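Read from first to last, the chains carry the letters A, B, C and D; within each, the first residue is number 1.
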Amino acid sequence: MSGFDFLTTRLETALGWGRKFSLFHYPFITACCGMEYMSTACAHFDIDRFGAGLTRFSPRQADLLLVVGTISHKLAPVLRTVYDQMLEPKWVIAFGACTVSGGIYQNYAVVQGIDRIVPVDVYIPGCPPRPEMVLDGLLKLQDKIQHQKQDWRWARKP
Amino acid sequence: MGQETLIEAIRTRLGPDLEGSADSFGDLVLLLRAGSVRPALAALREAPFDYAVLLDLTCVDFAASEGRYELVYHLYSLSRNVRLRLKASVPAADPSVATLVGLWKNAEWLEREVFDMFGVRFEGHPDLRRILTYEGFEGHPLRKSYPWRLEQPRIPLKDDV
Amino acid sequence: MLELAIAFLVFGLLSVIMILVNFVLGPRRPNPAREKPFECGSPPLQPGIGPVNIPFFLVALLFLLLDVEIVFFYPLALAFRGQGFGGLAALGAFIAPLAVGFAYAWKKGIFRWS
Amino acid sequence: MEPLTRIQRQARPESMLLNMGPSHPAMHGTVRVMLELDAEKILNAEVEVGYLHRGFEKTCENKSYFNLLIYTDRLNYVSPLINNLGYCMTVEKMLGAPVPERAQLIRVLMSELSRISDHLTCLAAMAMESGAFTVFLYMMKAREYLWDTIEFTTGARMTTSYIRVGGVRADLHADWRGSLATAVRETRKVLKDVSGLLDKNSIFVGRTRGVGVISREDALSYGWTGPCLRSTGIPYDVRKAHPYLVYGRLSFEVPVGEAGDNYDRYSVRMREMEQSLRILEQVAALIPDSAPLGPGPALEPEQALRRSRTARATVPIRLSPNLEGSEKARLAGLACQEPPVAVPAKEDTYASMEGLISHFLFFMAGKGIRPPKGEAYFSVEGGNGELGFYIVSDGSDRPYRLHLRAPCFHIVAALEQLIKGRLIADVIPTFGSMNMIGGELDR
């Protein structure tokens, strides 16, 4: 491993460590899972213990899009616009069965899973998922961030 | 006043507009002629009956079996603490009925929802547009003829997921 | 004198690093949606932003005035301990005209919006 | 290009048009308010809803009465048990099925717990959006205790499907009195703290007193019901106007406001929570302790499994009472037996052939719950107002038409009138105090 490679791997791990513990999430809340998101974000289950507590209500300042609740076809362009307006590096969590696969609503009105609209990193099943499941999903995302190839200005494309 | 006297009072008040009355699980139901919905409900809002609140307005699709849409109005009288259900049938070929905008303020949104879901036109409605579905949506989803799972996406969706 | 130099050096370096870090680590991936303003996800109702109303301008001006005034308090606060009454008088002389201006603006209804 | 909305056509050229769009923290993610502004003053507004339209009524036409229950949880997802109650009582009205006394008491207990968590969530969101984040945290803590009580009995925190047609799914948890007492104590403590924080808080009062005022005639003309209507002074509460279940026997008042502004909506909900706590205590006193469980303590399934492996089964193992249909004797008090509308007892199902057949028939397509041909409308007092179900049945096991009278559909219809001429900042508390719930609004 040449000197330069040694440097970049150290940089990658440092970057991964920094990014995974300072996730600013944009809560894209629509439906019932929002109640469970409230419990997760509040004092009892406290998502802030894992560094992801700061909610940013503008896609410019957020790097984690937390899609919570059913996404209907009328809302799909809104979700796509918010995702496009987020800055790199960005991640997406699908929170709840409706975002994962349309859940119990398979009809003319609901998008059958938000991975048809935006690329999703972690899927959290459950209708609604218990707060512990949400925190577990967040930890899985943090592992993914730590061990993935970090994206920075002069990163060599794989 | 008891149910009998009430029906008589309404029959004298509405005259030919009242086509009949029925009882469904204890609730009083009145059948109206489609053309006279607005005057009839305006009359029921006034003094002796004072049904002040338009509780609900919805529609049931009997197009396949009986070729008609049935508009169901629920009124509620605060002073007499009693509900009333009124039904009016409109032909499935050209479903249209007079609007209630001007009598009650929630009629605007209720009628927009029935138009959106069933395609019943409300004459005189100031702003009859879709309310629950979106602009590019063809067809009226709650009609029995509309397939249950026919999706009309607004943006191109990835299918290979 | 040396500590001042070290302080300026350290803080200067830190701020430069923080600015550069964003430039180095932030990947550049332009896409058309990012140019449009963020309007809660829905399409914007107006192409650009029209003329800004007068009340916004007045409040902004007043804020600028008072904010600059506060910046001058910092050096005064550092050296305020040994001044005694003279320091207070100087502070009063500095604040008085601005306070009169602020009261005048308030009375003229700069904060009454509707 | 997007077709021109109504507000774009009517707007004056020099005014600024702003989207308070669906994905906005104070718009609960599902309502888009388009504002025409002169500096901060709102000249004209247009409210666009439907972003959470999930085709509930169309789905109901393709599901059987039993399977449809899970969709009712997700209508007003802040007080799910009250939706279950409304739906089940409408079907029972059509079936003419008598609900046993114990099931009625448990239903009142559960729907009052649900109503308090509804008001807590509404006021928490309204306070947080007006800047009082501490109140949000306090109220969410109180709601956790309430949800614990609900979870011990029903097994789920929110989407419970616990109230079934004909009664309830299973008995209360063995230690339900303890968790209920904790929940009531904690909620009272939080209510005292929050009223201390907000009632005379000059910022909160300044932002809500006299803002979003609606007159009684307008409120009735918009078809308002529930806490929002009571804030204008009209004491219409379905629990008092048409008493159902055991509400007739309970003593509670209906709090009423005077001016019909945001502050009154806030204070009516606060006082209504105290009344609901009173109801909880009265109902807890009315519910007799369930039949003793026999010698051993009530075991959770895994303990029973461990016990069955180790000890020779000399003593009959008693499962925790809130498992589904654990004993026929217990089920008699929980669900209506004639006509059979509830899931038959497990003992019959596993013991006798007829029991197995009746259980199978209950779930078979075309069989199960089949109300007679006809239509029925029944409404209960939901978190936001009169929650009415209108079901048209054609005798089959699927409703021909099911319509929900959504109280917050009528309340949000008045939003445009309430915010016209106000400032932008007034939209947030006004919308917060309406307690708009997407699932119920757009169905």
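The working rule: a residue touches a chain if its C-beta (ideal position, glycine included) is under 8 Å from a C-beta of that chain, and two chains touch if they have at least 3 such contacts.
The structure presented is a predicted model; accordingly, all values stated were derived computationally and were not measured.
Peer 1: Write down the chain pair with more C-beta contact pairs when A-C is set against A-D.
Peer 2: More C-beta contacts join the chains of A-D.
Peer 1: Can you name the chain that lies farthest from chain B, using the mean of each chain's Cα atoms as its centre?
Peer 2: When every chain centre is compared against chain B, the largest gap points to C.
Peer 1: Measuring centre to centre with CA averages, how many angstrom lie between chain A and chain C?
Peer 2: Spacing between the chain centres: roughly 34 Å.
Peer 1: If you average the CA atoms of chain A and of chain D, how many Å lie between those two points?
Peer 2: 29
Peer 1: Please work out the Cα centroid separation of chain C and chain D, and write it as a whole number of Å.
Peer 2: 47
Peer 1: Mind checking the centre-to-centre distance between chain B and chain D? Centres are C-alpha means, answer in whole Å.
Peer 2: 26
Peer 1: Going through chain B residue by residue, note those that touch at least 2 other chains and give them in order.
Peer 2: Within chain B, residues 133-134, 141, 146, 148 contact more than one other chain.
Peer 1: Which residues does chain C have that touch at least 2 chains other than itself?
Peer 2: Residues 40-43.
Peer 1: Chain D: which residues touch two or more other chains?
Peer 2: Correct list: 21-24, 50, 53, 55, 58-59, 442.
Peer 1: Just say which it is for the chain contacts: an open line, a closed ring, a star, complete, or other.
Peer 2: Other.
Peer 1: Dump the list of chain pairs that touch, please.
Peer 2: Pairs satisfying the touch definition: A-B, A-C, A-D, B-D, C-D.
Peer 1: Where on chain A is chain D touching in the complex?
Peer 2: Residue positions touching the partner: 27-32, 34-36, 38-39, 42-44, 55, 57, 69-70, 72, 74-75, 78-79, 82, 104-105, 107-110, 127-128, 130.
Peer 1: Could you please specify the touching residues of chain D with respect to chain A in the complex?
Peer 2: 21-25, 28-30, 50-55, 58-59, 70-71, 73-74, 77-78, 121, 124, 136-137, 140-141, 143-144, 147, 157-159, 438-439, 442
Peer 1: For chain A, which residues count as touching chain B in their complex?
Peer 2: 73-74, 76-77, 80, 106-109, 111-113, 115-117
Peer 1: Touching chain A in the complex: which residues of chain B?
Peer 2: Residues 133-134, 141, 146-155, 157-159, 161 of chain B touch chain A in their complex.
Peer 1: Which chain C residues qualify as touching chain D in the complex?
Peer 2: These residues of chain C touch chain D: 39-46, 49-51, 53-56, 113-114.
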